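Presented below are the structures under discussion, each in the form of structure tokens.
The following pair of complexes shares a single chain, chain A, combined with chain B in the former and chain C in the latter.
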Partner chain A sequence: MTEPVLQTEGLTKYYGSVLAVDHLDLAIPRGCICGFVGRNGAGKTTAIKLMLGLLRPTAGSSRLLGCDSAALTPAIRQRIGYVTEGHRLFRWMSIAELEKFQRSFFAKQWDDKFFADMIEYFDLPKKRKIKHLSNGERAQVSLALALAPNPELLIMDDPTLGLDAAIRRQFLEGMIELIMREGRTVLFSSHILGDVERVSDRIVVIDKGVLRANCSLEEFRKAVKKVILSFADSTPAEVDIDGLLHCRRSEKELELILVSTADDHIAEWADKTGAEKYHIVKMNLEDQFIEFTAPANHKRMFRWEEI
Partner chain B sequence: MRFLALLRKELRESLPWLLLAAIVLLAIGGFLLRQAQTYGWYDWSARDFSSSSITRTYGLYYRRSPLQLTGPVLLLTSIGLGLVLGVRHFWIPYFTRTWPFLIHRSVSRSTIFWAKLAAAAIGFTASVGLLWLVLYRYACRPGRFPTPPTLSVFTEGWLFVLLGLVVYLGAALTGLSTARWYTTKVFGLAFAGIVICIVIFQCRLAYAFAAIIIGAVILLSQIIDTFAKREF
Partner chain C sequence: MALWIQILPGSGKPIYAQVAEQISEAIAKGELASGDKLPAVRKLAAELVINPNTVARAYSRLEQAGLVTTKTGSGTYVSDPKLRRSDAADINILTERMDTLITRGLNLGLESEDIIAMFKARIDKFVSKPKAGRGKND
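After this line comes the complex of A and B, so read on.
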């Protein structure tokens, strides 16, 4: 088995007394597109910065392309593309100046044609200064700069944040350019689950600094289920089904969020508790993510009562 | 090539401030020199400047050189430029959040730092250093002043240029420090301030240079260590 492109072991980061990343054990295999998702403040940016050696871990370690993140050599950094959160680039530079600057760090691997093609595809004038570009245009420049050196590993920190749907689509299509290059690995954090669903084949879910899921997107889609059971009289006092994540109840209905519970088992349990009927609600990835990361005491307005 | 790319970037970012410092020094220094030339209301007694206090040379206590009032202007311009460049190179990237992009270059952190320092040194030489040479050459022209400035006055002016670099290092250290202002964060600037005081009240040129070199080495060692460990 080949070594994972990205691996963390017990990676932990405290900011003062605030725990940002909590014993993160993660392994990303080569050649996958991994969506790194979590709510605001979940620790995604901190985790990415720890992986890139921009922050120092309080405990644990991480390795990128076989090299300890705390001591990434220039040669290793050359193989890693990084799109920073908010696409922060040097505002006074023009796109052409930024290209020249970036190219000087990737003398042999820089693909002039690819960069020119991407800039043309995004319809950006090379002479325009970064400070005169919109958020979306800066994101496109950022992506082109990160992809032109043909990196083995591309790490992007919320690259589509604040972009409109059309620009996001263009951005993702640009990303797919890289994906089509054999053996490339992409890790990108995002709030937009639709984007993750569109391009990822793997999903990593982090919540309050804790790794909650690290599996293929397909597995995640299958694993997280919402089941609604209806009862003739009243709902059972105790809910003891395997894989129960959340349970909400109304007078005659139970809404269960289950993880990795087989359909057969759900049917058995419904039968055992005397449910009149039950149905498994089809959820999109966003709903699954929201339910999966919802706090245990999460309440909905008006209708449901937590147990 | 990578170092040069970084150096170009830093120089380009510093350029407006270097030009401003040069213009300030040229305008005020030139004006004062013209005033001295026109009115000649100074005591131009020929003395051995190398053995006297730098402060005396530049007229805080005694007035003995055509460049006497330009000296403090040079000192203040250098200090100001050092402060501004230190802030521009080490504080602003924090606010513009460009540190992660810069740090993730395929160079070591020390290369990034040395490129910044080289840009500051070149910038100081090209703006205030060069202007100081221009002013000195102007004052030395035969017939301009009864007693032209000696070479030691020019050398002492360079002490002030170097003091600007010490302030730059102090500002860099303060900018890189993650401590609170009322604790060790202020160390860099405070230390640079102490070096300035030592130098301007120093009577011997050699001692003044020694104070600058020792101060710069202490600040440099601190910065290199801080920059290598700093989180971005």
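After this line comes the complex of A and C, so read on.
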């Protein structure tokens, strides 16, 4: 196993008394597209900025491509691409000027033709100033700038926020295009779980600054389950099933959210508690995410009484 | 061929399974014939805008089912139906699935003739279609 391209150890950040990132121990292997997900305010942007050395951690450390984030050398930085949330680019520059500026940081690796082809594909005039572009066009320029240096590690902070379906798809295509090259790795945060499911083979979930999952997407898909059990008289007082995350009761039914509980164990438990029947409900990634990051004893916002 | 494969994120069905199922359906319908070459993993990944590992997983699932064979350095081909594995265990699984469907049909109040007619109509959809393959707009 080669060294992870991205690794954090006990990475922690306080803003005053507010804990934004809480002892994050993360390791991302080379060659994957990793979807970085968490609710608003979970600490994704802070974690990304810490990894890139743009913020100083309160405690802990992180390494990118084997180099400490606090001391990234220009040589290492050249191998890393970073797309900021909201695609903040220098507004007074034209696309051509911005390319020239950006290219100066990447020297030999910059692929002029690739950049020109992308800008042409997006049908953007190179002389136009960034401030005269729409949000979508600015995002397209930002994507071209991120891919042109052929980065070994590409980190994107919610790159598709507020973009239309077509431009979002272009970002996904860009990630797939990059990952096909030898040894490339992408980490991107997003709230659009359909996008994450589509292109990622790995998922990292953080919640309130705490790492909750870092595994293959397939593993996550298999791990989070919903089970509904029906009982003849009443539900059991104690729910002692392995991997229990949430338990919701109605008079004769139990709805359980379980993590990494084997189907055999569910069957045994249903049998032991005398459930009349049970079934394991198929969940999509979005449902899994919502349940997985819901606070303990989570109840539905609205409840309808049975008619 | 990639154009007729539909990816539905959020459907609950893993994307590799969506790809594998649509290809096996095309093989069953004869739209992909024995000896036909499947697109390279990377090509299909780029066209469908999905992770290449997902395509590789779909292909290996098809290979496990005996529907395709991978020749090293050359590609993945639809295998010869005569050489496809169809052992007793596979037939058992098929019988069980048919039993489930028949049970549901009878519970819905259908007569056995109705169920047979429905099976017949569905099978016709698979075997009587011209072999030319689907168009882009299908």
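The rule is short, and it goes like this: the second predicted complex is superposed on the first by the 300 of 307 C-alpha atoms of A that agree within 3 Å, B and C clash if a C-alpha of one lies under 4 Å from a C-alpha of the other, contacts with A are read in each partner's own complex, and residues count from 1 in each chain.
The rule we apply is simple: contacts are C-beta pairs under 8 Å (C-beta built on N, C-alpha and C of every residue); 3 or more make two chains touch, one makes a residue touch a chain.
Fair warning: this is a prediction, and the values are worked out from it, not measured in the lab.
> Mind checking the superposed model to see whether chain B and chain C fit together on chain A or clash?
Once chain A is superposed (C-alpha atoms), there is room for both chain B and chain C without a clash.
> Which partner does A:Leu172 reach: the first (chain B), the second (chain C), both, or neither?
second
> Could you say whether A:Trp269 touches chain B, chain C, both of them, or neither, answering first, second, both or neither?
neither
> Mind working out whether A:Phe289 is in touch with chain B, chain C, both or neither, as first, second, both or neither?
A:Phe289 sits against neither chain B nor chain C.
> Tell me which partner A:Phe220 touches in the superposition: chain B (first), chain C (second), both or neither.
It touches nothing on chain B or chain C.
> Scan A:Arg56 for contacts with chain B and chain C and give back first, second, both or neither.
In the superposition, A:Arg56 touches chain B alone.
> For the superposed arrangement, I'd like the angle with vertex at the C-alpha centre of chain A and ends at chain B and chain C, nearest 10 degrees.
With chain A as the vertex, chain B and chain C sit 140 degrees apart.
> Is A:Ala107 touching the first partner chain B, the second partner chain C, both, or neither of them?
first
> Determine the nearest approach in Å between the Cα atoms of chain B and those of chain C after overlaying the two structures.
Across the overlay, chain B reaches chain C at a minimum of 28 Å between C-alpha atoms.
> Can you list the residues of chain A that touch chain B in one structure and chain C in the other?
Common to the two interfaces on chain A: nothing.
> For chain A, which residues count as touching chain B in their complex?
It is residues 49, 52, 54-56, 74-75, 77-78, 80, 82, 84-86, 88-93, 100-101, 104-107 of chain A that touch chain B.
> Would you mind writing out the residues of chain A in touch with chain C in their complex?
Interface residues on chain A, with respect to chain C: 33, 169, 172-173, 176-177, 179-180, 193-195, 197-201, 218, 221, 282-286.
> Name, in rising order, each residue of chain C that touches chain A in their complex.
These residues of chain C touch chain A: 7, 9-15, 42, 45-46, 49-54, 57.
> If you look only at chain B, which of its residues touch chain A in the complex?
Within the complex, chain B touches chain A at residues 1-2, 4-5, 8-9, 12-13, 96-101, 103-108, 229, 231-232.
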